[in-house]
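Data block below; observations after.
The letters A, B, C and D name the chains in turn, as written, and every chain counts its residues from 1.
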Amino acid sequence: MIIVLKPGTEEIECAKIKNKMTELGCEVNEIRGKNHHVLGLVGDTSRIDANLIASNRNVEKVMHVQEPYKKANRYFHPEDTILNINGAKIGGGNFAIMAGPCSVETKDQIVHTAKAVKAAGAHFLRGGAFKPRTSPYSFQGLREEGLDLLKIAREETGLPIVTELMTIDTIDRFVEDVDVIQIGARNMQNFDLLKEVGKTDKPILLKRGMSATIEELLMAAEYIMSEGNENIVLCERGIRTFEKYTRNTLDLSAIPMIKKKSHLPVIVDPSHAAGLWWLVEPLAKAAMAVGADGLMIEVHHDPANAKCDGQQSIKPEKFQKLMGDLKNMANLFNIKI
Amino acid sequence: MIIVLKPGTEEIECAKIKNKMTELGCEVNEIRGKNHHVLGLVGDTSRIDANLIASNRNVEKVMHVQEPYKKANRYFHPEDTILNINGAKIGGGNFAIMAGPCSVETKDQIVHTAKAVKAAGAHFLRGGAFKPRTSPYSFQGLREEGLDLLKIAREETGLPIVTELMTIDTIDRFVEDVDVIQIGARNMQNFDLLKEVGKTDKPILLKRGMSATIEELLMAAEYIMSEGNENIVLCERGIRTFEKYTRNTLDLSAIPMIKKKSHLPVIVDPSHAAGLWWLVEPLAKAAMAVGADGLMIEVHHDPANAKCDGQQSIKPEKFQKLMGDLKNMANLFNIKI
Amino acid sequence: MIIVLKPGTEEIECAKIKNKMTELGCEVNEIRGKNHHVLGLVGDTSRIDANLIASNRNVEKVMHVQEPYKKANRYFHPEDTILNINGAKIGGGNFAIMAGPCSVETKDQIVHTAKAVKAAGAHFLRGGAFKPRTSPYSFQGLREEGLDLLKIAREETGLPIVTELMTIDTIDRFVEDVDVIQIGARNMQNFDLLKEVGKTDKPILLKRGMSATIEELLMAAEYIMSEGNENIVLCERGIRTFEKYTRNTLDLSAIPMIKKKSHLPVIVDPSHAAGLWWLVEPLAKAAMAVGADGLMIEVHHDPANAKCDGQQSIKPEKFQKLMGDLKNMANLFNIKI
Amino acid sequence: MIIVLKPGTEEIECAKIKNKMTELGCEVNEIRGKNHHVLGLVGDTSRIDANLIASNRNVEKVMHVQEPYKKANRYFHPEDTILNINGAKIGGGNFAIMAGPCSVETKDQIVHTAKAVKAAGAHFLRGGAFKPRTSPYSFQGLREEGLDLLKIAREETGLPIVTELMTIDTIDRFVEDVDVIQIGARNMQNFDLLKEVGKTDKPILLKRGMSATIEELLMAAEYIMSEGNENIVLCERGIRTFEKYTRNTLDLSAIPMIKKKSHLPVIVDPSHAAGLWWLVEPLAKAAMAVGADGLMIEVHHDPANAKCDGQQSIKPEKFQKLMGDLKNMANLFNIKI
């Protein structure tokens, strides 16, 4: 950590800061320039809150040398983390496909779709039971009943189920019934929720918030990991920019960047990123080409009558065609799918 | 609502869409251009989910004429909403100041600060008990004990207390002990939490998410109001942009825009927006000049040793000076402070 | 075009607006709802300036049905535009690679690099002679001399040359000496420059501004085309967002979106987008997978001593390896490279 | 400047970097931590191109201690720069108002408006002759004739005129006829244009690009100043964000930030920022309250029939009322207006 002092900071004030740093277990190196006076901290600074230093009125700025996350940091954990969920692997060269409808609507719908995506080669069934919707007047999901229907679809197909947890008071039910607990983009910094799922041993699918930096995503993972649960899959799903033709801007450069900074697997959700069904196919292929560890894709039999997000859902036939293309790409890239 | 059909949409498909709209209670008007075929819906479309229409593959785009929020909409409620909280008014020309430390640290600290901000003319005491922090290794607040200390400060000063609720399982305690429940920026779209506070009759301070549009902020208010609680104060606290010199970009044009679109009062938090103590004073004045209904300001006796956000906290003497300046401005602008 | 009138607009004001629209050659359809009064315009509205309508105080908003660009619009020009530049094709399934150093430094450097990228399979030589640099104290390019050196490299290799034009007063020299004139991101809305290159018959490489929407990029192309020059290649090179780990955020969803909206070819510049050499390879592959018509890649023999942007340049050996991978992908995707 | 080396960088590579820095005239200090090896440079680093260091593959990152601008930097020039243009002062407590139409349309229009804004107390007449328009089909300004009409309006009122220069080939005409040369947002990084106006002695009004950081704005000023012209007024006019209700997001925190970092005066253009006439008044007041040195406001007699940007223009009566309010505020704030 580098501390830049304001020009003209008195020696006595500088000494106070140095003492404080020494007490926190750091060794302090000084660099005195003509205009600037800089303190360089040596030691483990990952647990030092930079804001506590920046609050000193003699400090001009504080700059990180080390990343603020530790358990999620590849530097301290060089090998890829590989999750094995009921036999389906994610990470370390294993490409996982999660597919299914935006929301669970009926037993027929979810079972039918589960069979179709399984037949096409998907490894997980996704489906929303509790739905975060921008408007209180929109369909909010079947909730508890949705979980029941997902379980039936799992029984029928053997596909592990992925679904979103929105609030702490339903966590026990999720731990019991669900295979992968999804934390949605809007809850990426719902820190109490992160801590609670961190106390479970369930695999967590953590989506990047729509205005979260990569560093904040990794800090959210660190929250979960700091409570003991290291079974995390990250998910890039588009960030908010000024561009209006697409719902969000899919940040594919985040994929190789995350893999450089962290050992955790990371997948891509092209459906939510673009918000348009015909963009799913090219973005899914680009996600594999850029090095993602998997995809999460919305599939619906009758998008025009879907209860949510039909405009970004593809039909099973289109999904099947896409899976074929992805398998050919995986073959070329030497990826297990 | 305006529905633009894809060029070449067949009559039979168009008829299906028209029937669906009629079933939803809308009258359909058609405009047929050389290149485009447009359907205009007449009637109350505020409860129609535009996505359900956009999911039809023959629909090119759906455009809103009417805003998607209703209870929060000034169009249906032309008079300013005025909140009266233990005698302190917000809205309709009443300017309210909420001041206090980022987090409650000790009994002495919070009582001392409460007395200082009251003496300077603040109307509410703010102070965080449960703190949303980016890093799991940062101070997380005194939590339950923090609420106890806030109550002591209220007893000593009579100032109503404002503090952030982070999760549903502590809501009963907040309803009993707190005067204004704050929903933080990171929870602006924690819809279950919004619904729960919507079932109480407590005043709610709803902060704009750091990447939320004004429309989404008003939709979040609509969530609370749709459950029955209309005692809401909105708060602009800066949005995320590419600018790096400030922590966030305070969006002051949002204030007159929100007041045009909605009847709810809206205040400004210059401390979190800028992230730098010396920007608080000019931004606070600008907030009053632009038409805000109040301010939320972080005040700390010893910012250099604050447990959080010291770099954006001002000292009581500076706060007192600012209050004097704001009173002079309020006098000029004919605002009650 | 849809015009939404303010609630309560008087009939006489409405009639004035309708007359104005009729004079502009549009047929006006009215939709009268309970709360809103809407005018729908039928006819060619692409040349109507929406701002001229929005300026009427009785107009609440103006919404486009038709896109504001015409010559660049695929709707009026369904087939892909294919450029053929000295035998090198771009668009319509032809994938073109432009490679070379950020800036021309010496004769040896540019000739050496030109030979290396040609050997690896590049179709164009890129190299900056006039360099737009953020700091006036940074290397500004060899300017006129740089053009001379590029010509030598072209003679030695036969590769057509692509280089950036920054100002109108050097345009004659560019028309004479250069094969593709690049308009840089910072000049995407330098409208006088766009018009001038529109009067030439040179192929233009038009880069997206770092905060330009796709619509604005297509309007910039429209500027050039409106003067007669339709030989345009668009280039996505990253947009500005709040993310700090990468220099810009490469917007790959823009590629299929542009190809849907326009017939013009579009390539990707992964070097400038990411600003980091090790991100070039995965992003280049993703660009091909997403459907781009080509790539622009910075290649330098000795990046550590490059005069600009060495951190985003790859070495010739790495470029050769990448070309091999791209050829394999092209084979799978049935793309001509 | 702080150079962070990659973990495991060999001594010989480190020595090479140290030598290079020493050759550039810097003294090198080393800090060796357990995980990181850091080089701190002492000396004048403002002219060192950080990219040249970052391009070394052993360098993990380069961080600035000193700002990259020098002539624009308040650190080296602590007193406020005050411009005196034909007796109208800007900066150092002098608040200047520039008002007039978006574009010059007719002699009557510009003379009439000039008289009206002068009567209300404006210090400068603004009016566009050369107009940068998003669409080639929109009104492009009267160009040369517009300059003639502005001169007539100056003769009639004595108001100095401010108008935008778009391209180098008209610069002589501007130097002869115009009092303040405006560089528009779209040309903020048109570096050749910046250098050319830097060679004149005309006052320059430099607008912030719509996606420019404050640092980039100051670097653009540095470009002009590096050629000798230090008569610069900066202008904040809104930045591009995801918010859709306003055209841009006015960044008022940029004002005190710029005044902290630089000695140059800075004004605000609320008309372009918001894009809506009824937002001009509150934003203008907020701009004064936040500490701006002036305002640029669009005024038109008949906005509904303006040839451009009528929706953001206010009428002379409204401008007169605003001026009265601003004078009262200036009186309270002890500002000369």
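Keep this in mind: contacts are C-beta pairs under 8 Å (C-beta built on N, C-alpha and C of every residue); 3 or more make two chains touch, one makes a residue touch a chain.
Here the structure is a predicted model, which is why all the values come from computation and not from measurement.
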- Message: Please identify which of A-C, A-B or A-D repeats the interface of C-D; the criterion is that more than half of the contact pairs agree.
- Response: A-B
- Note on the structure: The pair out of B-C and A-B sharing more C-beta contacts is A-B
- Item | Centre distance in Å when subunit B and subunit C are each reduced to the mean of their C-alpha atoms | 39
- subunit B and subunit D have mean C-alpha positions lying a whole-number Å distance apart equal to 31
- Item | Computed distance of Cα centres, subunit B from subunit A, in Å | 26
- Item | Junction residues of subunit D - those touching two or more other chains | 211, 240-242, 244
- subunit B residues touching subunit C - in the complex, by the definition given at the top: 2, 4, 7, 29, 31-36, 38, 40-44, 63, 65-66, 75, 240-242, 244
- In their shared complex, at which residues does subunit C touch subunit A? 211, 213-215, 239, 241-246, 249-257, 260-261, 273-274, 278-279, 282-283, 285-291, 328-329, 332
- subunit B partner contacts - residues on subunit A that touch it in the complex: 46-47, 49, 51-52, 54-57, 68, 130, 132-140, 166-169, 186-187, 189-193, 195, 209-211, 216, 219, 222-223, 226-227, 240, 303-311, 313
